[in-house]
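Just so it is clear, A, B, C and D label the chains in written order, and each chain counts residues from 1 on its own.
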Amino acid sequence: MQLNRHPAGRHFLQIPGPGPVPDRILRAISLPTIDHRGPEFGALGLKVLDGIRQIFQTRHPVVIYPASGTGAWEAALVNTLSPGDAVLMVETGHFATLWKKMAERLGLAPEFLGLPGTEGWRRGVDADSIGQRLRADSGHRIQAVCVVHNETSTGVTSDIAAVRRAIDAAKHPALLMVDTISGLASADYRHDEWGVDVGIGGSQKGLMLPPGISFNALSPKALEASRSAALPKSFWAWDEMVESNRSGYWPYTPNTNLLYGLSESLDMLLAEGLPNVLARHRRWGEGVRAAVRAWGLEIQCAEPACYSPVLTGVVMPDGVDADRVRRIIHERFDLSLGTGLGKLKGRMFRIGHLGDSNDLTLLATLAGCEMGLKLAGVTLAGSGVQAAMDFFASREQADADVKVES
Amino acid sequence: MQLNRHPAGRHFLQIPGPGPVPDRILRAISLPTIDHRGPEFGALGLKVLDGIRQIFQTRHPVVIYPASGTGAWEAALVNTLSPGDAVLMVETGHFATLWKKMAERLGLAPEFLGLPGTEGWRRGVDADSIGQRLRADSGHRIQAVCVVHNETSTGVTSDIAAVRRAIDAAKHPALLMVDTISGLASADYRHDEWGVDVGIGGSQKGLMLPPGISFNALSPKALEASRSAALPKSFWAWDEMVESNRSGYWPYTPNTNLLYGLSESLDMLLAEGLPNVLARHRRWGEGVRAAVRAWGLEIQCAEPACYSPVLTGVVMPDGVDADRVRRIIHERFDLSLGTGLGKLKGRMFRIGHLGDSNDLTLLATLAGCEMGLKLAGVTLAGSGVQAAMDFFASREQADADVKVES
Amino acid sequence: MQLNRHPAGRHFLQIPGPGPVPDRILRAISLPTIDHRGPEFGALGLKVLDGIRQIFQTRHPVVIYPASGTGAWEAALVNTLSPGDAVLMVETGHFATLWKKMAERLGLAPEFLGLPGTEGWRRGVDADSIGQRLRADSGHRIQAVCVVHNETSTGVTSDIAAVRRAIDAAKHPALLMVDTISGLASADYRHDEWGVDVGIGGSQKGLMLPPGISFNALSPKALEASRSAALPKSFWAWDEMVESNRSGYWPYTPNTNLLYGLSESLDMLLAEGLPNVLARHRRWGEGVRAAVRAWGLEIQCAEPACYSPVLTGVVMPDGVDADRVRRIIHERFDLSLGTGLGKLKGRMFRIGHLGDSNDLTLLATLAGCEMGLKLAGVTLAGSGVQAAMDFFASREQADADVKVES
Amino acid sequence: MQLNRHPAGRHFLQIPGPGPVPDRILRAISLPTIDHRGPEFGALGLKVLDGIRQIFQTRHPVVIYPASGTGAWEAALVNTLSPGDAVLMVETGHFATLWKKMAERLGLAPEFLGLPGTEGWRRGVDADSIGQRLRADSGHRIQAVCVVHNETSTGVTSDIAAVRRAIDAAKHPALLMVDTISGLASADYRHDEWGVDVGIGGSQKGLMLPPGISFNALSPKALEASRSAALPKSFWAWDEMVESNRSGYWPYTPNTNLLYGLSESLDMLLAEGLPNVLARHRRWGEGVRAAVRAWGLEIQCAEPACYSPVLTGVVMPDGVDADRVRRIIHERFDLSLGTGLGKLKGRMFRIGHLGDSNDLTLLATLAGCEMGLKLAGVTLAGSGVQAAMDFFASREQADADVKVES
């Protein structure tokens, strides 16, 4: 298998997930498959189920599906809703749009709150407009509010606590469902504290795993709703999962080897401490944005309060095809960046700065972008690499004198 | 991670899937995750999509889901059927029963052909009774016939070609859906020649992979049916999959690292040649059955024509708890066997003989069974290990003189 | 790379080292190479140097060479001796003979104690004759007594404590050098208690590693001798090694990735406990010998007190070419056995039962031998597999009732 | 095992060997160990012996030792020389000095050609002075000329062909021995064309392997010399090696798993083509030197014709402790650089640019150096990263228009 067509060296995988998978995790997933009904498996199951709850910051059950993230979207909907149910969704970007399309395909009636054109793709969820809409729904026809925590297509992170407050202020019984697929373990996500009913996560982002497993974090209210929800479900059904998971097993064949990886990932994240993990993502985001500003290019996210710690969308000047830039960068410098999706096709590219990374890897990434932009004929205001170096070095200056003695 | 609580040595994983994953495949799945939208991925995707068609013996599309086998069951049903549709299913064992329950959960109306008690759990699908039932369905209310090719709970392999002939003879338009999850790449399965409409496969059996990916092999008629089928579907929908797969990509995030494993598996199977692969499974089945007969124990499958090349169910004498025997064997000899499922709980255990195995591994397995049975107080008629050694050595006698010169 | 020409299944590597390397160790040696001058390396170095001392049962320095076992033989000689020095060696088998040839090539004057023909190849070192020879050496011309602890070519384990007593009783100042390459971590070896001056070990035996590193365990007396020994040495020189090792580093480039494996191996062995490790080797040896006796074949080791817990030599009846038997077994059953070496070429084969193994693996091995012997036309008295099953099951019977509750 | 104390991301191993080992190679060395006397091994052995000859550019035998590079130095000397023999060595740096010390320890009489202080550590071998010295040796007392091809301590690559011409012009029969440990597969080395008698290589440099195996490439004249050379030798002896290697085997236990890695490495290098491999090393060297010049710092190598394609020595301004700079860089940026060795201790650091690397990895490395130098208080003339980006982007400009179509 030739997984990298470049002659030598390590590929720079800087898409907003999957990111580079740590060697410890890659080794773990290559351990021999065991009997998923045997005693060793039960111990593994209990361990990862307990650990993932810590990452979601919840005391309630988290379901782990042997399926990639899109499946967890479907699971959230089919477990809680009935055919024709109204759901309020918010157009924050491409993934919010895909989730809404899924709701339609499943026979739900999504209402899509958004701004004209791509305006909504540059800002976080407007909690006020959600509150307003819910107050107008005096008959409580709306069964669920569905929002994306970290929009992977734009690099915008929404304020979920504010959405919760808006629902509560409207005294509306709708469930709150949050896609934190690309947010989990990179951006702060507090399932219980924020009163989320279904939190949706995936493996190939902050958890630093390959794709292939995904999560539903539940609330008691969501479990309650699942008892009467009428959409057909079997593979995704929570009831048998939650029941089976009590002893560390799955009702059908789980994704054994990826669970080995999850076990290793949880060991790494919890040893480092979730607050430290989140802090380094915030720091990386700042460094990358310093570079984009130095280039004189626009950041896709227009609201500083919503800058994503996970990825940064870089808007191209008019007339520049972002995908041509990406292609040049990939071919010359062995660096993969995220493409512009949906309405942003060709208008921007996305730099992932998540998971198992560090300052030098991000500087290499920025160097690849800077050289590629120039090769593509884009005029830059200054050196982003220089700005990022200044940022990464200065932030370290403080502790420097303490830690290093000459 | 402590995946084996025994002090030393390699675990014998002799459940009927997952079986031992070859080292080459374990190494392949641990290679760094790549961008599933990048050029290298497209080449990988086309390769595995082409190879898996050869394994299913079909020229039509095979969909690869980033989900374990149970998901592929659901996919077959939701893509082709509408709420309330009648489907004819056959009670061959526990997995047939689970599939039927899934059909019910999804809002279908399965009719379950079977024999009283566990009688149907000892024989293959009776094509005649299917034909009879279909002829009686003059209004063509039955939309699909669903059968399990290789019943993993019993070790019975049904004659799918005969089912096809029965449907044709009845001139009935029902779709033929076949679960060959544990049959694929171990028992002969000919998708096109047998006129199967949806063939369902999984990764963790004859393909020698860990669990986590699964398959739907389609026929043109199944694809046609999917255009009007009304069950809600999104994650499982064939249309976007087949479209996206044309260029080697997936409509949502695929299970990248398991696809590396699939690529390696296909290289191994196609290099050996599918007929050779099937022949060694048949031979292993014969050897294991020779042992069971020598012990004086009953084989779960009562029809010699339907003996499975994948696994053998070993029935316990009255009064012996099969799970106690299994537990003794696991604790003393580090050997995992399949438990009795559903109606056979405690009555039998299952020996897997599939995938990446060989004569000595099976002899070790039989030795573990033989010692464990004795330790559990089961009186045996003779030595199964001896019988299997006689079989494995004699079958080789013929070629011996040719290949080895002293 | 095609490392196994058989169509499927795991190879049975039952030579007396290397044996099967545990998956945990294989994963460890594949972790990225680090800077052998960096801080992380120092911690690793100190850990493995400390652990290996526990395995040798010594408080004194153990040198770890980035070279395979033969190198450690040379190191023992060149660090302690001068050109023309007399050394007393004992002909226990092929490896003792090779070591003696090495001594000659290095310009030493070995005297080879032994019995006529292959008689000495069936028994342990005769401590009395060593004592006698030393007493005759009133001028103390003999500088060192060199013996093999576990003769890998024959399956004979000598009584090293007795040799020590003989030297002491003779009041002779000769150094005692012991090759425990295939004994270490499988047969009991007590460096300090037995007063060994140089203990020689290798990685690919009881330590369960691939070949590539080897050991010299030192005594203060050996270190003292090394200060005046005149044989030229540089790569093997202890002085710089011991000095450098104090801080966890090597004077030249160490074998970094195999040291990862050693770290994992030590974790495994010390967690199990050395006495438990030794006990399972003794038990395996008993089981295998039960089989050889049941076949009616002779065990190479003629002294029950010296039976090796590591390997068993199986003598062929007259007229049978042991290598033809081995070839048949390898070709049919994918099982590698040790060949007859030196004077025993074609007369016997060797079954390894060391390292990461278990009862079923050994039963598979014995089954392969039994079938192969028959295919080669050897008449067997009875079933060795049966005898070994009886042994392995009965030895377990006692604890059975305690541990398993039905 | 915690091989990297930094919280996240991949370590940058930019010492001049070992460099980053490619994932393909790490996976290969973790495959199960096989019988080094079995048929599969012979095929592997012949393959790697053939391939390594292509890398050395020789038709004559290359010996592969299961020992790290320092062992191959010793092997070259003990196989060809006798106690007290005069050898002419050249002080190009720390490794040349170590080799000379080894010659002394082994009882040879090395004569060390060099310049005062560290002057010789900045230039290549002066072939004229070698010629002059040999012409003065009219009695042909000098048995060998020993030079280092690529001085790993300085980043100076000497002209070996010129040394050959000087020896020939002097009509002197001395053997030519060349240490190309860090040169092989990175800097051009032509064993046969340049008339080298013993070429010495190691695994952990251009071959991209972990340390643990090393090489002696021989000439017929060297083999001839080995027949009468009187230094004691056994482990290093060529005769049994060359004899055994004919059939793909080793006279004693080889380093099996590292040979798997060598097999993979040879596949990679020969598929890319040695000229391409050498060209990318030259290009990397140019890029790194552009950065050093932009910083206004001195390059250790004072002769442009001898710039190493493998590493670059960066001289610190007076008063700056290079090891403090290195420590800051390691602690803050997870980047390992080579220390100043011997006479250059604290005066310079070394940047490795060899093996499995690429432009972005080197830019990350330069960014780490640039930030660390500033944090250490070093005043830089300009941005080396900027200079290297200009170089790496411009060199690509030419082919850009051809390869990328927008």
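The working rule: a residue touches a chain if its C-beta (ideal position, glycine included) is under 8 Å from a C-beta of that chain, and two chains touch if they have at least 3 such contacts.
Given the structure is predicted, the values throughout are model-derived calculations rather than measurements.
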Query raised in the report: Over half shared or under half: which fits the residue numbers at the contact of copies chain C and chain D, same or different?
Result: same
Requested in this report: Compare the CA centroid of chain B with every other chain's and tell me the farthest one.
Outcome: D
**Report entry** Distance from chain C to chain A - Cα centre to Cα centre, in angstrom
**Finding:** 53
Requested in this report: For chain C and chain D, let me know how many angstrom lie between their CA-based centres, rounded off.
Outcome: 35
Report task. Please report how many Å separate the Cα centroid of chain A from that of chain D, as a whole number. Result -> 45
Requested in this report: Please list all residues of chain B that touch 2 or more other chains.
Outcome: 10, 20, 27-28, 30-32
Query raised in the report: What topology does the chain touch graph have (line, ring, star, complete, other)?
Result: complete
Requested in this report: Going by the contact rule at the top, pick out the chain A residues touching chain C in the complex.
Outcome: 23-24, 27-28, 30-32
Requested in this report: Give every residue of chain C touching chain B within the complex, in rising order.
Outcome: 6-10, 12, 20, 272, 276-277, 280, 321, 324, 327-328, 331-335, 355-361, 363-365, 367-368, 370-371, 374-375, 383, 385-386, 389, 392-393, 396-397, 400, 403-404, 406
Report summary line: Within their complex, chain B touches chain A through residues 1-5, 10-11, 13, 15, 18, 20-21, 26-40, 43-44, 65-71, 73-74, 78, 83, 101-102, 105-107, 202, 204, 210-212, 231-235, 237, 252-258, 260, 263-264, 330, 336, 339
